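Pasting the structures here.
Next, two complexes with subunit A in common: one pairs it with subunit B, the other with subunit C.
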Partner chain A sequence: MGMASNKVGIVSCSGEEIPEGTISRIATRLVLEKLRPEETVTICLPLFLAGGEDERAFARVFPTITVDGCEKRCAEIGTKKYSGKPTATIVITDILKKYPQLKLKSRDDPSAEELVLAEKVAEEIAKKVDEALEQKRHPTGREE
Partner chain B sequence: MPKKNIFIIPCSGIGKSLGTVGRKATYKVVEELRPDQTTTTCLALLTIGDEETLKKIRETPCISIDGCPSQCSKKNIEASKGKLVKSIMVTDILRNHRGLKPEGVIKLNVEGEKLASFLADEVVKEVDKIGADE
Partner chain C sequence: MGSGKVVVVACAGMDKALGAVARESVFKVVEVLRPGKTELVCLPPLLAGVSSYSELVKTLPVVAVDGCAERCATKLVVKTGGKIRGRIMVPDSAKKHGLVPKSASDIGSDGAKLAEIIAEEVASIIDKLAEG
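The block that comes next holds the complex of A and B.
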């Protein structure tokens, strides 16, 4: 993980139990495959525990954005606990508040409507990727 | 309805198609093939040490499904002192169906779907074995 200069890490929750977790994984993959393929990398969250020091260095090497399906915030908490403080965080249930008419149903086979939500989440992640890279290029020294 | 007494826990597998195969097979088992006996949980809850989930997986037999040699599911269950009764590697199932070339992470290709079905059948065999032993 040494050549990290222009990359941002995205860590999605695994979220197998709920449809929001599926949205979180799909949105993450859309960023990695389509929206910012050259600028992003990922790691499987449970590898922080199952892997070694190399894996745990992830958030210290890359500015990292966590994407969580629910308020348990496993990606955010796991990244903080094992690796480092995320640069930005996203929670699908927060984004869903903007779309009260949308009820997620499937964790296995998302509907067209659910896929549109995943695309919107992916766009939000991509925005945060751009902000993280901008911050890296022009650090202000500001601490949160 | 019998108590759901077996956890099927796939790796989170976001980087490779075999992770998606593991998840797909899990849903096939818990939603279609053995909905009354099995359930799943988010592996990440074990990673962060969620107390409620730890309690459940320590009391309930767990089958892990892993897409790659890192074996995140198996290792997270073991590290959490869960009741791991069977560990299944997707690559072992693929070895028995060498012609299949699973592709895709967001959406599996047809061959990935086939592999997920074969994997689900293997998981069901283990579920039935556990059921018969209890």
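The block that comes next holds the complex of A and C.
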């Protein structure tokens, strides 16, 4: 993970245990590869937690967006603990409340419906990336 | 969460194809190969202080599947006080079998094959641990 200006770090839940973690992972990859490839890098959460100094330094200096699968909010908690408050946070279970008809079933083989949800989450992340970069460019209106 | 089980942990592999293979392989172990004998534990909650996870890791034998030389799965288990009883390094397996996964988003056919091989290796370790 190289240092660069005008980048936003996305710290995503690895989510091996629950389908929501898989959604966070797919959504993050969509942002990195398709929606905002030039503006984002991923910060590998286990490496960050295990003591990855490059990852922690990046998250101290650059805006970060955490993407958590569930209410444990491991990405958010870890980022706060080792690098500071994330610029924005997303929790998949919160987003799911907007789609009560959608029941996530698989953690390794998402359905077409689940992939659509991942796309919606990716769009939300991309929006927060744009806001974070705008805030960095024009910090006067920034909330503390 | 019972005794006699083995905890399986894997690298999350968010930015590496080999990490994605690690993740895929443990799904095969806990869902298909040894569903009643394993507990899949997410790595991040161990460091986020979720006690039920750290208790599992401290009390049951752990098999770690690492996706790169950083060995995060192994490190985080050890840091939490767990005992690693089996470990697989995905890059070593990839080299040994001459399989190159495509990407972190899509591991491709080589990656899928590698995940199956690793899953079988993990299952074998679990069986040996069960035999004592």
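Please note the rule applied: the second predicted complex is superposed on the first by the 136 of 144 C-alpha atoms of A that agree within 3 Å, B and C clash if a C-alpha of one lies under 4 Å from a C-alpha of the other, contacts with A are read in each partner's own complex, and residues count from 1 in each chain.
We adopt the following convention: a residue touches a chain if its C-beta (ideal position, glycine included) is under 8 Å from a C-beta of that chain, and two chains touch if they have at least 3 such contacts.
Worth saying up front: this structure is predicted, and the values here are computed from it rather than measured.
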Mind working out whether A:Ala75 is in touch with subunit B, subunit C, both or neither, as first, second, both or neither?
both
Tell me the contact category for A:Lys120 with respect to subunit B and subunit C: first, second, both or neither.
neither
Pick one for A:Glu16: touches subunit B only (first), subunit C only (second), both, or neither.
both
May I ask you to decide whether A:Ala50 touches subunit B, subunit C, both, or neither, giving the answer as first, second, both or neither?
both
Between subunit B and subunit C, which residues of subunit A are contacted by each of them?
12-17, 21, 25-26, 28-29, 33, 42, 44-47, 49-51, 72, 74-75, 77-78, 107-108
Listed in rising order, the residues of subunit A that touch subunit B in the complex are 12-18, 21, 25-26, 28-30, 33, 42-51, 72, 74-75, 77-78, 81-82, 107-108
Per the contact definition, I'd like the list of subunit C residues that touch subunit A in the complex.
10-16, 19, 23-24, 26-27, 31, 40-45, 47-50, 70, 72-73, 75-76, 79, 104-105
Can you list the subunit B residues touching subunit A in their complex?
9-15, 19, 23-24, 26-27, 31, 40-48, 50, 70-73, 75-76, 79, 105-106
Which residues, counting only subunit A, touch subunit C once they are in their complex?
1, 12-17, 21, 25-26, 28-29, 33, 42, 44-47, 49-52, 72-75, 77-78, 107-108
